[in-house]
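Lettered A, B, C and D in written order, each chain numbered from 1.
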Amino acid sequence: MMASAFKTIGLVGRYRDQGTEIIASLKVLLSYLEKHQYKIIFDEETTRELRDHSHAHFPLQELGAHCDLIIVVGGDGSLLNAARYAAPHGTPVLGINRGRLGFLTDIHPDNIEKEVTQVLEGHYIEEARFLLQSSVNIDGQLQVLDTSLNDVVLSPGSNPHMIEFDINIDHQFVCKQRADGLIIATPTGSTAYALSGGGPILHPQLDAIALVPMFPHTLSSRPIVVAGNSHIEILITSNNEYAPKLSCDGHAHVSIPPKGKIIIQKYPHPLRLIHPKHYHYFETLRTKLGWEKHH
Amino acid sequence: MMASAFKTIGLVGRYRDQGTEIIASLKVLLSYLEKHQYKIIFDEETTRELRDHSHAHFPLQELGAHCDLIIVVGGDGSLLNAARYAAPHGTPVLGINRGRLGFLTDIHPDNIEKEVTQVLEGHYIEEARFLLQSSVNIDGQLQVLDTSLNDVVLSPGSNPHMIEFDINIDHQFVCKQRADGLIIATPTGSTAYALSGGGPILHPQLDAIALVPMFPHTLSSRPIVVAGNSHIEILITSNNEYAPKLSCDGHAHVSIPPKGKIIIQKYPHPLRLIHPKHYHYFETLRTKLGWEKHH
Amino acid sequence: MMASAFKTIGLVGRYRDQGTEIIASLKVLLSYLEKHQYKIIFDEETTRELRDHSHAHFPLQELGAHCDLIIVVGGDGSLLNAARYAAPHGTPVLGINRGRLGFLTDIHPDNIEKEVTQVLEGHYIEEARFLLQSSVNIDGQLQVLDTSLNDVVLSPGSNPHMIEFDINIDHQFVCKQRADGLIIATPTGSTAYALSGGGPILHPQLDAIALVPMFPHTLSSRPIVVAGNSHIEILITSNNEYAPKLSCDGHAHVSIPPKGKIIIQKYPHPLRLIHPKHYHYFETLRTKLGWEKHH
Amino acid sequence: MMASAFKTIGLVGRYRDQGTEIIASLKVLLSYLEKHQYKIIFDEETTRELRDHSHAHFPLQELGAHCDLIIVVGGDGSLLNAARYAAPHGTPVLGINRGRLGFLTDIHPDNIEKEVTQVLEGHYIEEARFLLQSSVNIDGQLQVLDTSLNDVVLSPGSNPHMIEFDINIDHQFVCKQRADGLIIATPTGSTAYALSGGGPILHPQLDAIALVPMFPHTLSSRPIVVAGNSHIEILITSNNEYAPKLSCDGHAHVSIPPKGKIIIQKYPHPLRLIHPKHYHYFETLRTKLGWEKHH
């Protein structure tokens, strides 16, 4: 076996929906890594769920500082969550799915031993995936929010109703929009929520951000794709009766009152996403979107 | 002047947004009707807003029982609201807009005297527009909800997230859907919220109902149009973490817990909608959707 | 065995693409029908392809006059073709597919004996599906074109370019449209070409016609659904450099020069479409559109 | 007046549709440039249309080699045409519209003198817009086609029917597609034909190419946006009965028989597009797409 660049491995799982399966996969992984004498650390939840105190554990947000590679067992949502915390540390992340292919979790639980071996021996594809950083400016107070690997979503936050906002890009006025909301998606997020909303598929290596209006009142509104280094500003106009909400990858729902401003930009630290050697983006796309079946 | 079939006229306004303009239009209308010796009644809010106690007033839901014609001054939303209460009484409704053409409010405030004269003299177009009646069955308890002239909307009721539901039509299973929600629209509602959601335009005289999925997870989902007398049933599956909400024309937000069932059918009493003689549906459509301007 | 209302059976096949399979299925069917002493007639092509002169044959357009039921072996396209000729005679049509479910051909070749027996014994569902009748008026000369079970398509007829036309419905002007073309679809056709073009799914029992603009220049253009008895008129304006073409179910490509007029109306004789007892429209829909698979 | 970097000016017009207006604008421009002693050259058609032989003229494709700036009077189509010939010479192009704002022709005919002065004095915005270069490989013979500033369109080339093709990007298989065709658009072309086809708006400074399927048979097909330096290959499969056609900016219709291959890549020489100082992309977008009008 080749000397691996990855000596300390952080293990993370998601336990809500399919806990039993995930714990089973984690145990397979654990015994493999122990056998090959890797140093193993856990996030706190994994320590709790596995009831295994023989390995050091850290809060998820610190895990990346203490290991060379994070392996996430779960769905795309689990990887999304771990990725936001791994990116600032520059720690690469590898995903093992729960048996159903994800866009981000490539390794099938049946192939853990074989495929993880390959990755640890240095046979893998590393991709940089950028994240978005959102901040809000409410009454002159700037608040930095979570980062997003997939998307930032502006929504009514309650029963669907029209919200009104102005979009500025690089300090140029783009348009006033009345819509149910707006999705600002990375290429990674372009195949998630934004796709249901009619947004285009952005190749993951494209340095671009998609703005997808949700149920726009103006029927000629269309998704707009701008450069990845764009400075995106959304101003909640004073014509809103209620305060819309902003969420980052489905977390961190912040209310933005009328006259509040949202600033969205590329986050300086990309996610280092690890794929097995056989990974092909378009193959995943075909499988996930059902392009192979002809009716 | 011809003898009018409309002897007692109910007046209704909407005062929230553009109260001053609406009160001005109502006063023009009032003085015209008084001059020509029509009997006038108000809904309670109009009595309050006009501070005029010389005319009888009734709650909006009873107004139709006491008059031959209801005239609404406001936008489409105001007419929608009055229409739900007028339909059970079979009382026709005429709309005067606030200066911007509506789909339902045809008479421009500048033309009140001329156009109302024509209508009262019997020169008008009467259209029957059907409404939807929703009921919910929660734990075996059946609750009848408001009627809708435009639409019934199933939505998460909070931050956008996927909800799961089964659709049955005429007791046949149509599909299991995972989406942000579902719009069930009448032809009247097909040019309102459902249109922003990608639904087709249904001609108002078509006896049909459109089901428009909101951000469906299955990308091959499409709007479905079914016969107006269809029995539509939506079952909230037990896979929902939160209780979605149902609204009727944007009112009456009811939470439907997992296993709750929604039944939607045509309401037996149509709205009798009055238009001036020069009304053409497609002309309104062209103007409202901006089809006339070529860029 | 019950006495069947269907005594003389017309057999029709399509031989272009999958001739061998179709001939195999036809022979199964033939031997079954001969064994049970049905009278069998062929269309001319079937006589030629089967090299079987022991049964009377007729041109496809006359077949319906000489039998009680037409059985088509092939895809939806084959049934479409036979249906146009069967409808004027009021002869019912049953479809056997080539192994892949169609919207119109319900019986799998493996189940021919079992399912055809049921139909011939009177256990079937009969549906009326309406067709469209197109005529064109060029320089005052009226020409009646083919009927369409699926759709009438106006297109440039050559390299894609914008054509300009006016739409009138029931002698009311709807809009001037600049687009690559227009699809006018029946409910039956709403799941064919019109669906790829963004049209809604119309339930087959809905008495309605969908007008779906193809790549409209005006971005707020949307599919419109009108009543089945509408009188639809399309006027090719004089602003067209080339003569667009009109086709009916993909046949009968007629050039319509500038100032030419197209009239489309419901054809008076519906197709009598026969389904096996287990037929459910929505089940076919789910299968054909891949709604069952979740990714 | 400042010394201008632009000493020799090439003038080009389009004479088909609105010849009179264009000739009028050209004469205004000509007299202004003569008065200020610029050297003027014409393309051959302009010499012919103006009947002015006092200035040198060249074929459009050579014009760029002999001047410092090309001014086009006409619509976006005229500029598109001139741009393809100007790009290889690196000669900048400025557009004067026919009275209706274009995406590419910014200067209103009423403001010729004022705005052209500003540009010639060096007050302008220069943008690089990339073009696409298409080649086809038929039976091993490689043929280089025209460049496209807007788009490359694969279409049936006759009555609309499904064509089948494979897409490869950077030598990776993307998908097999059955559709009416495919639009491959630059950011410049994303607001032209591709937009009617449901493609996203790509900001002109984005280094990206959009692939927009036309009426795809697979309903989960979506527009895909890939990096500007992608190597795009389209293989016409042997399942096509007819030879589809390829066009570049609406020109150069080449038939591609089954097994033919199309290769599309960024053209090495960008168009240098000149705008007046007040140019804002999003303002043009709002005006052209009618986002300013609220209904």
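We take it that a residue touches a chain if its C-beta (ideal position, glycine included) is under 8 Å from a C-beta of that chain, and two chains touch if they have at least 3 such contacts.
What you are looking at is a predicted structure, and each value in this text was computed from that prediction instead of being measured.
Residue contact pairs shared with A-C exceed half only for one pair among A-D, B-D or C-D, and that pair is B-D. Rounded to whole angstrom, the centroid-to-centroid distance between subunit A and subunit B, based on C-alpha atoms, equals 41 Å.
Remark: subunit B and subunit D have CA centroids separated by 47 Å (rounded to whole angstrom). Subunit B and subunit C have centres, each the mean of its CA atoms, that are 37 Å apart.
Residue positions of subunit A touching 2 or more other chains: 195, 217, 219-220, 222, 289-290. Chain contact topology: the protein chains form a complete graph, every chain touching every other one. Taken in their complex, subunit B has these residues touching subunit C: 169, 172-176, 178, 195, 199-203, 205-208, 210, 217-218, 220-227, 230, 280-283, 285-286, 289-291, 294.
Taken together, the subunit D residues at the contact with subunit B in this complex read 100, 218-220, 222, 287-290, 293, 295.
If you check the complex, the residues on subunit B that touch subunit A are 153, 155, 157-161, 179-181, 193, 195-198, 214-217, 219-220, 245, 247, 250, 253, 289-290.
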